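Remarks on the structure that follows.
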Amino acid sequence: MKRALVLLALALISVLVLFPSLLATHDPFALDVINRLKPPSSAHFFGTDEAGRDIFSRVVHGARITIGSSLSIVACAAIFGALIGAIAGWFGGRIDSYLMRIVDVFLAFPYLVLAMALAASIGRNMGSSILALILVWWPGYARMVRGQVLSIKNELFVKASRAIGTNSSRILRWHVIPHASRPIVVRATLDIGYVIIALTGLSFLGLGAQNPSPEWGLLISNAKAYVLFGWWYSVLPGLVLVCVVGVFVILGDRLSKERE
Amino acid sequence: MGAVLSVDSLRVHYHGTERPAVSDISFDIQESESLAIVGESGSGKTTTAMALLRLLGPVADISAKRLVLAGQDFLNATPGELRSFRRDLIGTVFQDPTANWNHARRIGDQVVQPFARDEHEKRRVEFIDYMERVGIDRASVRIDQYPHNLSGGMLQRAMIAGALLGSPRLLVADEPTSALDVTVQADLISLLKDLIREHQLSLLLISHNLAVVSQIATRLIVMYSGSVVEAGPTKDILENPRHPYTINLISSIPSVKRARKVPLYTTRSQGTSATGCAYASRCPIAIDTCKSLVPALSPNPNSGLGPRMVACHRHDESSNLIQVQR
Amino acid sequence: MSALLEIKNLNKSFSLKIGEVKACRNVNLQIHAGEVVGLVGESGSGKSTVANIILGLESIDSGTIEFDGRDLNELLIHDQRAFRRQVQPVFQQPLLALNSRRTIGWSLQEPLIVHGIGDKHSRKERALELLDQVGLSKEHFDRLPRQMSGGQLQRVNIARALAVNPKLLICDEAVSALDVSVQAQIINLFLEVQQKLGVALLFISHDLEVVRHISDRIAVMYAGTICEVAATDEIFASPIHPYTRALLAASSLDQSNQSRALDLTKFRKEEIPNHGCPFAPRCSFARELCNEAILIQETIATGREISCARAHEIRE
């Protein structure tokens, strides 16, 4: 039962991200100042914002930005981090030391400070926030994959492969990485949820998305001025955000418990 | 009564499995007697030992008509009573020395822990005594060391020393030597024999190694797939096995007495029959009755060394039909 | 007859926390084509290190290994790959030696792909042929390791080792983790491999009786040195080296040889001396010279080698 719900939710999210126009009822950028701050109704499911725009449609279009960016961040961090980790773990020695010192440097960075620094240099936009998050997220994967590779390296079937005559690159491709990949997928799934929160947080603070983007963090940030007069403006998008993050966290959790 | 261990119709069924791991096993051990249970993996020998000591936990259902160890009823005792029975009446030695010690605690602390606090000092002295007896050097220093400071052989000796604390009447040893080097093993076996004689202990030995068993145990029980297939004096069984499984087992083991480089006896088919005798599907002399009717343990004419039981419909003729290859 | 594999004066040490451990000290060993050489020793004897070195899993500190008369150190990369093909492993744990996520069929084809043998179609044919050779059936091709028993998996490992038609199999405790009845089956399979395919075996084990059953010649190792090498029957009938005698006495079923046994109660592994004979502290025949003499593995008769300073005197 639970599994079906999770799959359904994932399907819905996919549609949101890929085909927002299907679900959206209005143009997310269409201004209609006369109808500003109207409560939810059959015409506007989530009500309207301070410029009369349909909040529901903005949420739908914002999904693509928020979720899409988060997925990209996690994918880049995971792939890059796994690569570095695998090289460090497999070759060991100096390569391992140098790479891990670099990892340590990045691990020490708080993402907020980095995002602010990047925003100051590159400019305040989604690009700088995405970059900041990738830079801060990849070391975790490197660490994890390095540990995995170190232990898989000593497994008997890897030893057997080496004795048979298989070279390093094939062993990595055929044996090591497939065994290390499951934990990567689990962690990545969980991370999507956390990255969404981090990303929306940055936008909320004014660092990432800029107006008039319907990105969720920005949306909710704009809504904070109207908390008393327009509860629907912050609460409803907020609920959607919570649900989406929840889906990824639950999915990641279930994946982590599944045994092969 | 004299019997240090008396088991009647023990049955063990692990939850979620189709067949019981142990079906209706009965045997006893007299004072100063050494009995070995022999079998391969899946035979139920370790399950039997664990079940007797009530160490299996909630994963299995245990039933028996009678389960008495050192005069105490193990079947109906409370967990608290069982703990004190095990501590005072029974010594246990398990298979893998490195796995059975807590590596984070000193060996002395671990061994005296089950006893009452006011007894700890006394037990420490006793433990040092026994450690010396089993051949551990500098025992008074070793007692405060951690398991990783001792070799496998020494850890096993230490476990034997610990098992002797409190003067138990029964020693239960599950594969006590299989993780050890053969020279260490030989030593440990003769040590066990000495201790058994000195302390008038009874021994229940679980093993798959017929060589070890032949050196220590006076009586032997052969198990296959949860049931006893043959029981009797060790020497008699090893020289004159009657059950086809025992015959084939002995034939599969290379030995210095046999010709080299010739194929050993094996059966190609694996597994257990669902009805009738569990060995029927692998037995070279199985007949129809064997597949439908479970053979009971019946007496077989003995050689004068003690009563012999065999669970085989054809036990009268088996030794004529199958030659033990040596 | 020149040897297929010849190890000369092999030395290998490991730096561990407790200090330097000499895993191999001046090891000399020959394996001829088609013969089974048993390598016995207890834990810490160095027998697995010898196996790992031959299989290319460990480096050498000093010494040479010659295969078919050619020194391995002087082989070019291309030839090194060719050498790997001639020597294949069978390890102790049947399940762990296979990639749990790959089918049996895939694992059987791995050596073929690695050594560039055949194409997709012929490799599959070969894999099926191998399954048949070791007594398994076609349906095992698509199975995963966890779906099969220990005995079956060890057959798979043997099949995989035979895939590229090697001349030598290195079997490191290949039957030690198996039940007695399954062990018998695999022992029979090894005998068949030698007899029908003419493959040589280096059979490493701590179980003397198994080694006796399968080997043509036996080498006994202790603390990194080869104590004694002789034809199987000779080693059992008239062992010379004190350690060989102790080992035989400790493993035999009958008690009559107890007088040859050692009192090993007080022995500590850290006490193995770094010079002289490593067995001297425990040896009832030891004399002063045993602690000082440089131990050499000498041939005292045809096919009979021994590393003992007092060999000539001890021989009755």
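All chains are identified by letter, namely A, B and C, in their written order; residue positions are counted from 1 within each chain.
In this text, a contact is a pair of C-beta atoms (placed from the backbone, for glycine too) under 8 Å apart; a residue touches a chain by one contact, two chains touch by 3 or more.
Worth saying up front: this structure is predicted, and the values here are computed from it rather than measured.
Q: If we define chain centres by averaging CA atoms, which chain lands farthest from subunit A? Would you check?
A: B
Q: Which chain has its Cα centroid closest to the overall Cα centroid?
A: Closest to the centre of all protein C-alpha atoms: chain C.
Q: Roughly how many whole angstrom separate the Cα centroids of subunit A and subunit C?
A: 53
Q: Between subunit B and subunit C, what's the gap in Å when you average each chain's C-alpha atoms?
A: Chain centroid spacing, subunit B to subunit C, equals 32 Å.
Q: So how far apart, in whole Å, are subunit A and subunit B when each is placed at the average of its C-alpha atoms?
A: Measuring from centre to centre gives 57 Å for this pair.
Q: Could you tell me which residues belong to subunit C and also touch two or more other chains?
A: Residues of subunit C never touch two or more of the other chains.
Q: List the residues on subunit B that touch subunit C in their complex, please.
A: Against subunit C, subunit B makes touches at 40-41, 135, 137, 151-152, 181-187, 208, 211, 214-215, 248-249, 252-258, 260-268, 270.
Q: Show which residues of subunit C lie in contact with subunit A when the two form their complex.
A: 55-57, 81, 84-85, 88-89, 91, 93, 96-102, 110-111, 114-115, 157, 160, 170
Q: Inside the complex, what are the residues of subunit A that reach subunit C?
A: Answer in residue numbers: 155-157, 159-167, 170, 174-175, 178-179, 260.
Q: Can you list the residues on subunit C that touch subunit B in the complex?
A: Those residues of subunit C that touch subunit B are 42-43, 135, 149, 179-181, 183-185, 187-188, 191-192, 206-210, 212-214, 232-233, 236, 246-247, 249-253, 255, 261-266, 268-269.
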